[in-house]
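What follows is a pair of complexes built around chain A, which joins chain B in one and chain C in the other.
This part shows the complex of A and B:
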């Protein structure tokens, strides 16, 4: 059980897809792959979690760091495709209120184009 | 070296599992718990989240990230509830009194990481406490099951 990530570039948006399990042992890998995408001022990043089966607080820590970094750098960070069990963890954390969430990659791209 | 895996028992109401104090060992426990609670997948997911959070705290803080310590986890189906015990030989630590609760209403700029794992346990379990016994931490959890 692990995590894997793939990166695509769509016009001015980076689309990172994460699949598998995001926990204390795999969160360093997401940190390494996600945070550099937000380094440039004004960066737009879409994180697709449709294939992510599990998230713990260790994973939420990286997502919080990414959202803060995007805001500080005048960028945008949108998450999409949360499975119900992942969404439940986001809700318990109060993260659905402070993060930008979309149902699908298409909806997320629409948000970032706006 | 401590191995990971379920301890064989003849009782299908009990899961006894031993794991090494290594974050990478938690996924194997999660698979065993998912199989043990196959009739109630949503509860299995909630139990796995709580076990992951408490074990991650124990491994990173109790053992300072050092592998080689054995942690024992047991799940027991008893009527309409599930009893869980996590036992380790780390220094005494009570996550239910010593971890500050997160501010769930903070805005993004003010939100600080930390405290969420214990918050999940408080939210998802019906009872939770730490007992210090024979130089070991024993975390006792209880989850009511749907009738």
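This part shows the complex of A and C:
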């Protein structure tokens, strides 16, 4: 019932890796770690969810907020490495149409570079 | 006050009492023994001192007597010498007359002798004159005149006459002590004489006295001394009717004891005589069988035994009295000490008892009332010791209790207020949802049932259904998150959805309209997944739009289970200007449509296992097809409860079951 995040900075891109569970109780922590990365206009953020086992609707909200911030600030926000059960939630909620998704970190970096 | 043996007071008191008792016993035993011993010794010494004093007095008096006797003899001798000198001068006078020729030698001698016959020495018995041959010239017995006197000897065995002449020739004069017959008898009497020779005529002139005359005087003085001694010793007090006595070598009384103190019999005398001069006491039986202790000393010059005796009981009586007195003093001291110990124990225990009463009182105090400091001030502030510190701790605890209980009461009140408000909010929220079942008893085409169970007082799930003509418009939705924000968002969504459902032609258009309304002013990016369907009750045509909601199940009458996986667009409220597609499906009479929120599929058991879509589908497929919608919903809820078990409900749960029963046999479309 916890989440942990590690941050890497790759050239002009921030890579945040989240692992564990993202639900109502852990989403504030991700919010605190993720949203500041998108404050700078034009910032590029890659959120790696390869280690994330579960996401709830409260967790989706944080990710939507990140996407919206990126849009407002003219930056880019890409998700990558979603596990099937996480991907399913994204698909069911219909947010795959709004969010940029990549299969892996490398693909995500490629998108951000492009 | 009752003294419980386990109370602190009792323990302190007993400890103090034990210490006092032990100290008192040791000191008492030791001092009593010492006192007893020393008292007995002192008493014995005082008795012995009496003996010693008596002995000293006797010896001193004896020496005085002896000195008196010597002085008497000396005085007699001096007197005899003077007397003899006077006689010699007289004889010289007679001899001078003869020399001058006034008298013949013979006449002078005869006249001189006649004169000498007539005189007696002062203090003496008689005058003795003899010539160098020892022939008596002057003597009190006329028969012996002219006879030889040399038969008498002095105490050295010499002939008195020869010795007198011998010593007089050598020293000019002499004094002799000797035995001589008495005047008028042949009994020997000790005498002394001063011998002075008259050379011209070879006469020896001697003044003679009786020694027993001197002795008699000494004896008289001794008798007087005995009398005085008897009187004075009679006055000497010896403890317990004891007595100082004197007896002589033959066991005869010199100074007898007073009649009342007649404790010394001949056997006792023998024992005392044997122990004379010893320091240790002689024990013997006195009058009436009482045990006596005695000491004796021997005065050899007088052949006297001076003895002192006292009853043993009297000798030890002062020690006994002293011991008794001291024991009483000790007992008094001990009693005083015990009283003091009691006071000390009470003094220590009393504040503790009061603290106990205070603490007992605290248990019954109403801490929600106005704070009252019930700690006695003299305990908390008046004492600087550990009890004072304890009392202050209690007092501050009491203050803290008042404060904490008060804040607890306030918090509880606040929580109750919030809970009350939440309860009202819940009522309002539930009031938004249609809850009358069966919902449409006048429409045999459908059987419908729904339930909503919030994880908290209020939640973010919603459902709704209403008829528009011959179509059933229904919605199920799930706001992201829980609690008050979700509930507010749910209320808005439900209202918007109803309005959109009534005004829009297709579900896609309706959810699109709701999305735009919600997303327009939504800084927190709240969103709601929603499924909106429109069922034509005549045809069974189902139009629907799914905005990111869990896919509903269609349970066909023949037992097949289909899942409506079509997604029209993302959940509502996140982004404006999204497009939502509408889809179409057909229900046959007897088919079921089951809508639910993720509270169902994501219901977790204690092990964290999700309920899941698969189990849901299996359960629904296994359901009795003849059952109504309410039964089906209840079956699902019961299975969910079984799965969750004791675990907490983590999310709102909503289920909406619709059974299409086919068009009515007689249509009343126009009338409705």
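Here, the second predicted complex is superposed on the first by the 114 of 114 C-alpha atoms of A that agree within 3 Å, B and C clash if a C-alpha of one lies under 4 Å from a C-alpha of the other, contacts with A are read in each partner's own complex, and residues count from 1 in each chain.
Basically, contacts are C-beta pairs under 8 Å (C-beta built on N, C-alpha and C of every residue); 3 or more make two chains touch, one makes a residue touch a chain.
The structure presented is a predicted model; accordingly, all values stated were derived computationally and were not measured.
Asker: Which holds for A:98: it touches chain B only (first), chain C only (second), both, or neither?
Answerer: both
Asker: Just chain B (first), just chain C (second), both, or neither: which does A:24 touch?
Answerer: both
Asker: A:60 in the overlay: touching chain B, chain C, both, or neither? Say first, second, both or neither.
Answerer: both
Asker: Using the superposition on chain A described above, determine whether A:12 touches chain B (first), chain C (second), both, or neither.
Answerer: Neither partner.
Asker: Which holds for A:40: it touches chain B only (first), chain C only (second), both, or neither?
Answerer: neither
Asker: Of the two partner chains, chain B (first) and chain C (second), which one does A:106 touch, if any: first, second, both, or neither?
Answerer: neither
Asker: So in the superposed three-chain picture, is A:68 touching just chain B, just chain C, both, or none of them (first/second/both/neither)?
Answerer: Touch partners of A:68: chain B and chain C.
Asker: In the overlay, work out which of chain B or chain C sits against more residues of chain A.
Answerer: For chain A, the partner with the higher number of touched residues is B.
Asker: Residues on chain A in contact with chain B in one complex and with chain C in the other?
Answerer: 24, 56-58, 60-61, 64-65, 68, 92-94, 98
Asker: Which residues of chain A touch chain C in their complex?
Answerer: Interface residues on the chain A side: 24, 56-58, 60-61, 64-65, 68, 91-95, 97-98.
Asker: Can you tell me which positions in chain A touch chain B when the two form their complex?
Answerer: 1-2, 21, 23-25, 54, 56-58, 60-61, 64-65, 67-68, 71, 85, 89, 92-94, 98-99
Asker: In the complex formed with chain A, which residues of chain C make contact?
Answerer: Going by the criterion above, the answer is residues 478-482, 524-527, 529, 546-551, 567-571, 574-575, 578, 598, 602, 651.
Asker: Using the touch rule from the top, collect the residues of chain B that touch chain A in their complex.
Answerer: Contact set of chain B toward chain A: 23-24, 26-28, 30-31, 42, 45, 48-49, 52-53, 56, 59-60, 102, 104-109, 111, 113-114, 116-117, 119-120, 123-124.
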